[in-house]
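The same chain A turns up in both complexes below, where it pairs with chain B and then with chain C.
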Partner chain A sequence: MKKVLQITLGIVTSVGGFLEIGSVTTAAQAGASFGYKLLWAILLGTICLIFLVEMSGRLAAVSKHTVVEAMRGRFGFPFFFVVLIGIVLVAFLVLVAELGGIGLSLQILTGIGFPWWAVPVSFAVWILMWKGTFSLIENGASMLGLVTISFVVAAVKLHPDWGGAAHGLVPSFPADQKAKYWFVAVSILGASISPYLMYFYSSGAIEDEWDETYVPINRVIATFGMSLGGFLSMAVLIVAALVFHPKGIDIQKFEQASLLLTPALPKWGFFLFATSMLFACLGAALEISLAIAYFFAQGFGWNWSEDLTPSRDARFCFTYTIIIMLAAVPLLFGVDPIKVTIISMALTSATLPLAIVPFLFLMNDPIYLGEHRNGWVSNTVVAIIVLISFVLAVISIPLEIMGG
Partner chain B sequence: MRLKGFLVISVLGIAACKSPTPAEQMDSIQSWLATAEMVGDGWLRHSTPDKYSRQTLELSHETLLQISSDLLKAPPHSVDSASLDSVLTRSRGEVAQMARLIEAKDAPEFGRRLDSLRADQKVVKQLSDSIESRQ
Partner chain C sequence: MNLVRDVLDKELLDYEEEPMGRVDGLVMHVGKSSQPRITHIEVGGAAPWGRVHPAFARLAKRLALVWGPRRREQVRIPWSRVKAVGRDIKLDVEAKDTGAIDWEIWIARHIIERIPGSGSEEADDGY
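== the complex of A and B ==
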C-alpha cells in the first residue's frame, strides 16, 4: 500500500512539475506558428526524457550515487569541471527565465512590471529553499503545479481535429519558414530534455533514500509521470494551434501567450493561465536552484541535503543563495525573460552531449550498476539521444540566428 | 585558428544579413493587430482585467509603431506606400484609443473602435497577401 501511494505521489508530482516557462513558451510558439505540425518534437522529447529520468533514478537507487558523483568518480575532476561550466551556465539562464516567468505572471495579474518583482520573487524562492525540506519542494510546488491541467481542459473544450493532431505526431518538412520551424523544434527538444532534471531526479532519489527495491517503482514513475507531463505540453501546443494559428498571432511576448486559455475558458482562463505559469515557474525555479547547488556540492565533495539545516551544509546553501541572487540581476535591469527562455532552450540543446555522453558510459558500468546495467533497448535509445544531441549541438546556434 | 576565425565571421555575417523582409514585417504587423483585437474582445467580454488589457494594447501600439516605421523606411514596391501608411496609421490610432477607453470604461465606444480595427485588419491582410504573392 505504501508503495502504491509512493507511485501515485511520484506520478502526480512529475505531472505537476512538468511544465515550466520553456515548455509552455516553445509549445505555444510551435502551435501558433505551425499548427499541429510540431507535436512530434514534444513526443520525441518526452520519450527521450522518460529514458533519461528512469536511468538517473536507477543509477541512484542501485549505486547510491547521484549522476554527478558517479561522473566525477568515473571521469575525474578535469572532465567534471568542463561539464560543470557548460551545464551550470545554461541552467543559470534557465533559472533567470523561470524567475522572470514568475515575475511576468505577477505582472499580468497586478499590472506592476516584472523588474519590480525580481527581488521579492528571488527572496521568496530563497526563503523556501532555506526553510523548506526536499519533500516540500518536490511535492508542495508540484501539487500547486497541477493547476496546469487546465491546459488539457481547454484543449478538450475547443474540440480539436484529433486526426490532424495525430498527423502532427509524425515529423514533417515545412514548405516555408524552414529555419524557424527547425529552431522551434530544437527549442522544444531543449525544453524537454533538460539535463538539470536528471541531476535533480537522481539527487532526489538519494534524498528519499531509494534502494534497489525502488527500481520498478522508479520505472513506473518515470514512464507515467513524464508521459502525462508530455500530454500537458501537447495540450498547450494544441490550444495555441486552435487559438493563435488561425489569427496569425506569432508569440513574441508573454502578454500574447496570456490569452491562450480565454477563448476556451472565458471566465477563468486568464487567471488560470497566470496562476499556472506562476506555480509552474516557481516549482521549476526551486528545482533548478537545487540542481545547481547539488551539482557543485556533489562534484566538490561538500555536505549536501535539502533536509539538513544550513549550518550543516553551509557551502551547499551558500551556492544556491549566490545563484539566486545573481539570477535576479538581469531581471532587475529589464532583460526580457521570454528572450532568455528562447536563448536558453537552444543552448540547452547545444550542451546536451556534455550531459548525455558520459551518462551512457556510466549506465553501462558494472561497478555502479551491476546487473541493473542498461540493456540493448536503453542503450539504443541513449545512442539515438546522443546522436540527436550532437545534431542539435551543431545546428542550434545557426538556427537561432537564422530563425530569428 | 583560421577555422575559428572563419566560423566567427560566418556567424556574424549571417547575423548581419538577417534583417526581416517586408513580408515578415507585414506578418508581424498582422500578429500584433490580431493580438490587440483579441485583447479588445476579451475586455468587452470581461475575460481579461483592465490593467492587463490596457498595458497589452499599449504594448501592441508601441510595437506596431516600431515595425511600421521600419517598414515604411523602405516600403515594398508591390503596394502603394501611401495606402499602406494610411491604414497602418489608422489602425495604430484605433489601438491607442482603445487603451485610453479602458481607463474611461467606455465599452460602447470601445466596441466601435474594435469594429474599425477589424476592418483595418482585413485591409492589412490584403496588402500583406499582395506583398507575399509578388515575392
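== the complex of A and C ==
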C-alpha cells in the first residue's frame, strides 16, 4: 500500500512538468492558434518524460544515488560545474515564472497587481519549505494540483471532435505561420521535458527511501504520473482549440487565457482557472526550489533532506532561501512573468543536451545499476531523446526570434 | 582501483555515514626511492575550483579569507583514514573534527539557527 501511495511523487513531478505556467500558456496558445494540430507535441513530450522519469527513479532506487550525485561521481567536478551553470540558471528563470504565475492568478482573483504579490508569495513558498516535510509538499501539491482536472471537465463539456483531436496526435506540417508553429511546438517540448524534473524525482525517491523492490512500481508511477500530466495538458489545448481558435483569438496575455474555462463552466470557470493556475504554479515553484537546492547539495556533497530540521542541513536550506529571495526581485520590479516563461522555455530546450547526454551514460553504468541497466528499448528511446534535444538546442533560440 | 573512476569526486561519509563533502582532490607522494602513493584526500576549499580553472581557485581562496569560517589551509584527510571504497568513500573520522563541514557549521550558527523554526532548540539537533 505504501508503494502504491508513492503515486503522489509521480503526480507532483508531473505537475511541475505539465501543469505550470509554461505548459498551460503554451498549450493554450497552441490550441488557440493551430486547433488540435499540436497535440502530437504534448504526446511526444509525455513519452519522453515517462522514459526519463522512470530511469531517474530506477537509478535512485537501485544505486541509492540521485542523478546529480551519480553525474558528479561519474563525470567529475568540471563537467558538473558546466551543467550546474546551465541547468540552475534555466531552473531559476522557471522559478521566477512560477512565482509570477501565482502572482498573476492572485491578480485576476483580487485585482491587486502581481508585483505586490511577489514578496508574500515568495515568503509563502519559503515557509512551506522551511516548516514542511517532503511528504507534506509531495501530498499537498498533488492533492491541490488535482483541481486542474477542471480542464478535462471543460474539454468533455465542450464536445470536441474526437476524430480531429486524434488526427492532431500525428505530426503535420502547417501551410502558413510555419515559424510560429514550430516555435510553439518547441516551447511545448521545452516546457514538458524539463531536466529539473529528473533531479526532483530521483531526489524524491531517495527522500521516500526507495530500494530495488520499487523498480516495478516506479514504472507504474512514472507512466501514470506523466500520462496524467500530459492528459491534462492536452485538455488545456483542446479547450483552447474550441474556445479561441474558431474566433481567431491569439493568446498574448494571461488575462486572455483566464477566460478558457468560462464557456464550458460559466459560473465557476474563471475561479477554477485562477485556482488551478495558483495551485499548479505553487506546486511547480516548490518543486523547482527544491530541485535547485538538491542540485547544489548533492553536487557538493552537503547534508540534504527536506525532512531534516533546517539546522541539520544548513547549506541546503540556505540555498533555497537565497534562491527564492532572488526570484522575487524581478517580479517586484514588474518583470512580465509570461515573457520570462517564454525565454525560459526556449533556454530549457537549448540546455537539454547537458542533462540528457550524461544520463545515457549513467543508465548504462554497471557500477550504479548492475543488472538494472538500460535495455535496448530504453537506450533507443534515450538516443532519440538525445537527438531531439540537440535539434531543440540548435533551433530553439532562432525560432524564438522568428516565431516568438 | 582506478583513482579517477573509483575515488575522485565520490561522496565522503564519516564514521556515522553522515555526508562530509566529496573527494575534490588527491595528494600523491612521489619519493625518489619508493613507489608513488596517495597520501591525502582534499575536500572543499579551492580544490574543486582549481580543477575548472586556476583563476576560480584564487577567487575561492580570497573569498574564504573575507567571509565564512576563514580557514586558510586546504582540508586534507589522510588516506589511512579510508575505511571502504565503493559507490561512496567511507572514512573512520568524525566530520566535525576534519574541518570538512566548517561551512555547514558556520552557516548553521550564523544564519540558519537565527531564524525561528530552524530546529536548533531541539536537543542533539544542529551543531
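By our rule, the second predicted complex is superposed on the first by the 386 of 404 C-alpha atoms of A that agree within 3 Å, B and C clash if a C-alpha of one lies under 4 Å from a C-alpha of the other, contacts with A are read in each partner's own complex, and residues count from 1 in each chain.
As a working rule, a contact is a pair of C-beta atoms (placed from the backbone, for glycine too) under 8 Å apart; a residue touches a chain by one contact, two chains touch by 3 or more.
This one's a predicted model, so the numbers in the text were calculated from it and none came from an experiment.
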Fit-or-clash call for chain B and chain C when the two complexes are aligned on chain A: fit
Contacts of A:366 with chain B and chain C, given as first, second, both or neither: neither
Vertex chain A, arms to chain B and chain C (CA centres, degrees, nearest 10): 130
Chain B versus chain C as contact partner of A:63, first or second or both or neither: second
Partner chain in contact with A:131 - chain B first, chain C second, else both or neither: second
Touching partner for A:163 - first (chain B), second (chain C), both, neither: neither
Residue contacts with chain A in the superposition, chain B compared against chain C: C
Chain B versus chain C as contact partner of A:267, first or second or both or neither: first
First, second, both or neither for A:255, with chain B first and chain C second: first
Which superposed partner A:78 touches (first chain B, second chain C, both, neither): second
Smallest separation in angstrom, by C-alpha atoms, between chain B and chain C in the superposition: 21
Shared chain A contacts, counted only where both chain B and chain C touch the same residue: none
Residue numbers on chain A that touch chain C, as the complex places them: 63-65, 69, 72-78, 80-81, 130-131, 300-304, 308-312, 314-315, 317-318, 367-368
Touch list for chain A against partner chain B, complex: 108-111, 247-250, 252-253, 255-256, 258-259, 262, 266-267, 269-270, 397-398, 401-402, 404
Chain A-touching residues of chain C, taken from the complex the two chains share: 4, 8-12, 18-22, 24, 44, 48, 51-52, 87, 101, 103-105, 107-108, 111-113, 115, 117-120, 122, 125-127
Residues on chain B engaged by chain A in the complex (per definition of touch): 11, 14-15, 18, 20, 24, 27-28, 30-31, 34-35, 37-39, 42, 45, 47-49, 51-52, 55-56, 59
